[in-house]
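After this come two complexes, each holding chain A, first together with chain B and then together with chain C.
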Partner chain A sequence: MPRLLRHTLLILLPLVAALALAPALYGNHLLLFNVIVFLTLAQGINIIYGFTGYLPFGYVGFFGAGAYGFALAVMHLHALPLVALAAGGLAALLLGVLLTPLLRLSGAYFSIANLAAALAVLQIVSNPALESVTKGPYGISLSGVFDPALAYGVALAILAATTFLVIWLRHSRFGMALQAIREDAISAAMAGIDVVRGRVVAWLLAALVAGLTGSVYAWYISVFYPETVFGGEITIFAIVFALFGGTATILGPILGVVILYGIYNAIGISAPQYFQLIYGLLIMGLVLFLPNGLASLLRRRGIDVP
Partner chain B sequence: MIRQTLLAALSSLALVAPAAAADAPAEIKLGTLYASAGRYASISMPVHDGLKLWLAQKNAEGGVFVKAFNKKIPLKLVAYDDQSNTGTAATLYNQLITQDKVDILVADSGSVLTSVAVPIARENKMLLIDQTGTGAAFFSPDNPYIALMADPVSTIWPKPLADFLTEDGPKLGIKKVAMIYSTNDFTGTQANTVRKLIKNSTSGVELVYDQGVPTETSNYTVLLNNIRAANPDAVVHLGYAPNDIAFLRNLADSGVRFKFLFCIYPGLETELLEKNVGAAGLNGVFTYVPSSEIAYRSEFGMNLEQFKAAWSKAYGDGKVEFGFNSVAGYTTGLVLEKALAQTESLDQLALRRAIFALSGRLKTIDGNFELDPQGAQIGEITPLGQFVAEGSGVRLVTVWPHDVATGKPIYPAP
Partner chain C sequence: MKAETLLAADGLEAGYGGVQVLWGVDIAVLERETVVLLGANGAGKTTLLKTLLGLVPAWRGAISFLGEDVTRWRTDRRVRRGLVYMSEMAVFAGMTIEENIGIGGQSLSRSALRRRTAELYDIFPALGERKRALAASLSGGQRKMLGIAKALAADPRLLIMDEPSSGLSPLFVKEVIHVLARFRARGLTLLIAEQNIKFLKLADRVYTLDGGRIGFAGTVAAMHENDALRRAYFGLR
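== the complex of A and B ==
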């Protein structure tokens, strides 16, 4: 059986089935929805960081752009949610195109420039002078399209598509080319790989994933402030979840979200005052002892991690 | 025949009465969040402690009377700490509804931490008891699951201030007004109202400086110079407590004096502001006169003096300051108490009907309780006051509207 099909059947289908059935078994639907959101964002980080080596500290900028793209389409064009969802994805794509020159930078310079870009978008969106367009800092209310059950289903579909994209990247020529670029861009170029095209496509795919996720998030929560959808912790969580499990793998980000987001919620409910301490220690332990994530533990023992 | 009918009626009563008693819950679960740390801790903790004070009083009396069961039922508080984080708050609101299965859902304080609860409550068909979240976006005709308890909606707040500037202002020599505000829902909405009322007035008063700044702003030095350059007769600063503290400290350090300066929080959280900027820093400052300063003729619950005494007894350690927000938390409890005494059941829409039935008919320590059809609070007013020196401290004097004024404004301020 081809590996693409095997991983689709063994990883993607059980994941989607579990999350589709979960609302019937567990009442805290927002928590389940957030699991889907972070699974998708962690896979988005996986696409850009795991496969190309660019670590986007401002990844939330695409998420926020998607949320506001959705909101503006609903408020000003009275678009149906699914059409507005496409508008959200398009807004993130446009932002991605606008920020493409950042790919000329690398390492920490790229990460910091990307973070600054996300903060700039936040300041533009929340500018009171744009109140008639974005509602400025005064918050968005999309109560007219409020439909959490449908939004949950659409979020699940976006997760499925994103996970399938990662499975494809893991096994396709294009994905291998991206990893070659990540390891040594000059050697990859010498081998005939179009480095610029590869990076730009991965960048825009990651932007689209975050944009669509932001759109469906805006649809689900329906009342939000700029800080809610441009919050820096969204990026931090997505990056930490992806790194914890192991990037450039299919399973890594999934393991990261299930374990770390599970711990986050357990601590957040039972002992929130210790949350930052416990989470900080976990991240320090990860960086010191497991820099390549849980996947590296298994690989050391000769186990192949898909 | 009559005897048979009577017997049948008695038999059915005998069957129904134990069933009704069995239906009464052993306790009423009241679920809420608070922020012990972070950006909103200073407004969240007083509200939470005010609510707890009410709850402790009721439980000491054997519980709260619930008309639906014709008996007093003890209250159980289920409270989680959201640490001022909206993501954590959203998960915890869901936890309260879906796992703890609370009977009454009470929001955390302030608009930001309330905002995430609005769609969650609606989705779960739970009435959101909104304590002080005044964001206009929360209230819509298609959402019956929200009611604002203790703060007027943001658009109501600055009307006395704007009315004073445009009506009494010109007589005092106020023609040019400078406004600086934090760009968030609470203060931005107030800035919009002030701008609109000044522009629509025919008083000749004009806005010569109108600047929004990020809520995180902590240094106003350059902005103060810009305001001074506009040579205003009055300065209006609209920000949260940390903004007011930074603004007043920078003002004191700069040596700049404005003839009229308005800030929101010196009136709302006087103890906190006095602790941080000193009595001299508040002398002459205009502010809102909150319910914690006005002795409203309370027709239900404690009056202001009794509440202050109870607060001091319960929280004498001074960790959480007494002020406007502590009254707000207590008022939430009073509205719930009155509603439970009238509700036909603990069904959420029945509770909503009971709360809306109180609109315009309940006077508490916080003033008039009145809701618009969407659940926004419109009964309470925020008169304009001015701090004047008294001994080594300051005293708040109400200066507008005239019918509630306790003194005349001092202009230019000392």
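== the complex of A and C ==
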């Protein structure tokens, strides 16, 4: 069986099935929805960081752009949710196109410039002078299109598409070319790989993933403030989850979300007073002892992680 | 039958920052010939090769490949056209031998790549035995072999090599020359920058580079007849 098909059947299918059945068995649907959101965002980080090496500290900018793209389409154009979803994805894509010059930067410079760009978008969106367009800092209410059950299903579909994209990248020549670029861009060019095109495509795919996720998030919660969808902790979570599991793998980000978001919610409920302490120690331990994620732990023992 | 000019540089000048390294280099490589570029350290060999490949921009002059002016082309486009540069530095350490060869031959169809890979494992049995090993685990000589295999996987029209003998034991140098001779016999065109005169065995023509200028251009036999060159490169009186 080709590996693409095998990983689709063994990883993607069970994941989607479990999340489709979960609402019937577990009452906290918001938590389940957030799991889907972070699974998708962590895979989005995986696409851009795992396959090209760019670590976008401002990744939430695309998420927020998607949420506002969705909201503005609903508020001003009275668009149907599924149409508004496309508008959200488009908004994130446009932001991605606008930010492609950042790809000229490398390492921390890229990360910081991307963070600044996300903050700039937040400042524009939450500007009181734009109240007639974005409602400024006063937040958005989309009660007219509120439909959490359908939004949950759409979010799951976006997760499935994103995970499939990662599976494809893992096994396609394009994904292999991206990993070559990540290792050494000059050597990749010397192997005939179009470095610029590869980076831009990965960047825009990651932007689109976050934009669609932001859109469906706006739809699901339907009432939010600029800080809700541009919050820096969304980026941090997505990055930490992806890195904890191991990037450039299919399973890594999934494991990261299940384990760390699980612990996050468990501590948050059982010992909220120690929450930040425990979580901080966990992340420090991760950086010190497992910089390449759980996948590297297994790989060191000769186990190939899909 | 006159062989076609594959690669030609005309009045090439290049350098780094304010430092000029190449001062008007003219060089041509004809189809199916092997050209060896001799020169001491610092003569500008690597800079010339990198300029031909587009890794260092040309200040002045023109480069044509397969009849097209490629002077302003990006490196990856020149490589896809068949101008391939072999460097063991260009081996991806974090990837397996097989993946490295796959990246080298990414422009081939899947079945053509499979055939090519099998053929390369045949030529380099040491690589075939460890195809799932990370390139990082290879020795210097094996890594050089992988660099050559990766470059050959691309099915180049012209293979450019920068000092393939550097860092290799005499035995390995012999093996590299043997492998190159095999491909040369099959019609591969080669441009090799070297200090090791053993590579002259392969050469149809020789250029010497001195202070960023071409000193001598001609056949190996003509080079032997030139006393000054003989002293400089062969150390003979």
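Structural remarks
Note that in this section the second predicted complex is superposed on the first by the 306 of 306 C-alpha atoms of A that agree within 3 Å, B and C clash if a C-alpha of one lies under 4 Å from a C-alpha of the other, contacts with A are read in each partner's own complex, and residues count from 1 in each chain.
Note that a contact is a pair of C-beta atoms (placed from the backbone, for glycine too) under 8 Å apart; a residue touches a chain by one contact, two chains touch by 3 or more.
Quick caveat: nothing in here was measured; it's all calculated off a predicted structure.
When the two structures are aligned on the shared chain, A:T228 is found in touch with chain B, with no touch to chain C. In the superposition on chain A, A:I186 makes contact with chain C only, not with chain B. Contacts of A:G153 after superposition: neither chain B nor chain C is touched. Of the two partners chain B and chain C, it is B that touches the larger number of chain A residues. Within the superposed three-chain model, A:P23 lies out of touch with both chain B and chain C [touch as defined at top].
Residue contacts after overlaying the shared chain place A:D194 against chain C, while chain B stays out of touching range.
Shared contact residues of chain A with chain B and chain C: none. Taken together, the chain C residues at the contact with chain A in this complex read 53, 55, 74-77, 79-80, 84-85, 87, 89-95, 99, 102-104, 106-107, 150, 154. Interface of chain B with chain A (complex): residues 36-37, 80-83, 85-88, 90-95, 97-99, 111-112, 115-116, 118-120, 122-123, 135-138, 140, 142-143, 183-185, 188-189, 191-192, 212, 214-215. By the touch criterion given at the top, residues 173, 176-177, 179-180, 183-184, 186-196 of chain A touch chain C in their complex. Every residue of chain A that touches chain B in the complex is listed here, in rising order: 26-31, 34, 123, 126-128, 131, 135-141, 143-144, 146, 148, 220-225, 227-228, 231, 233, 265, 268-269, 272-273, 275.
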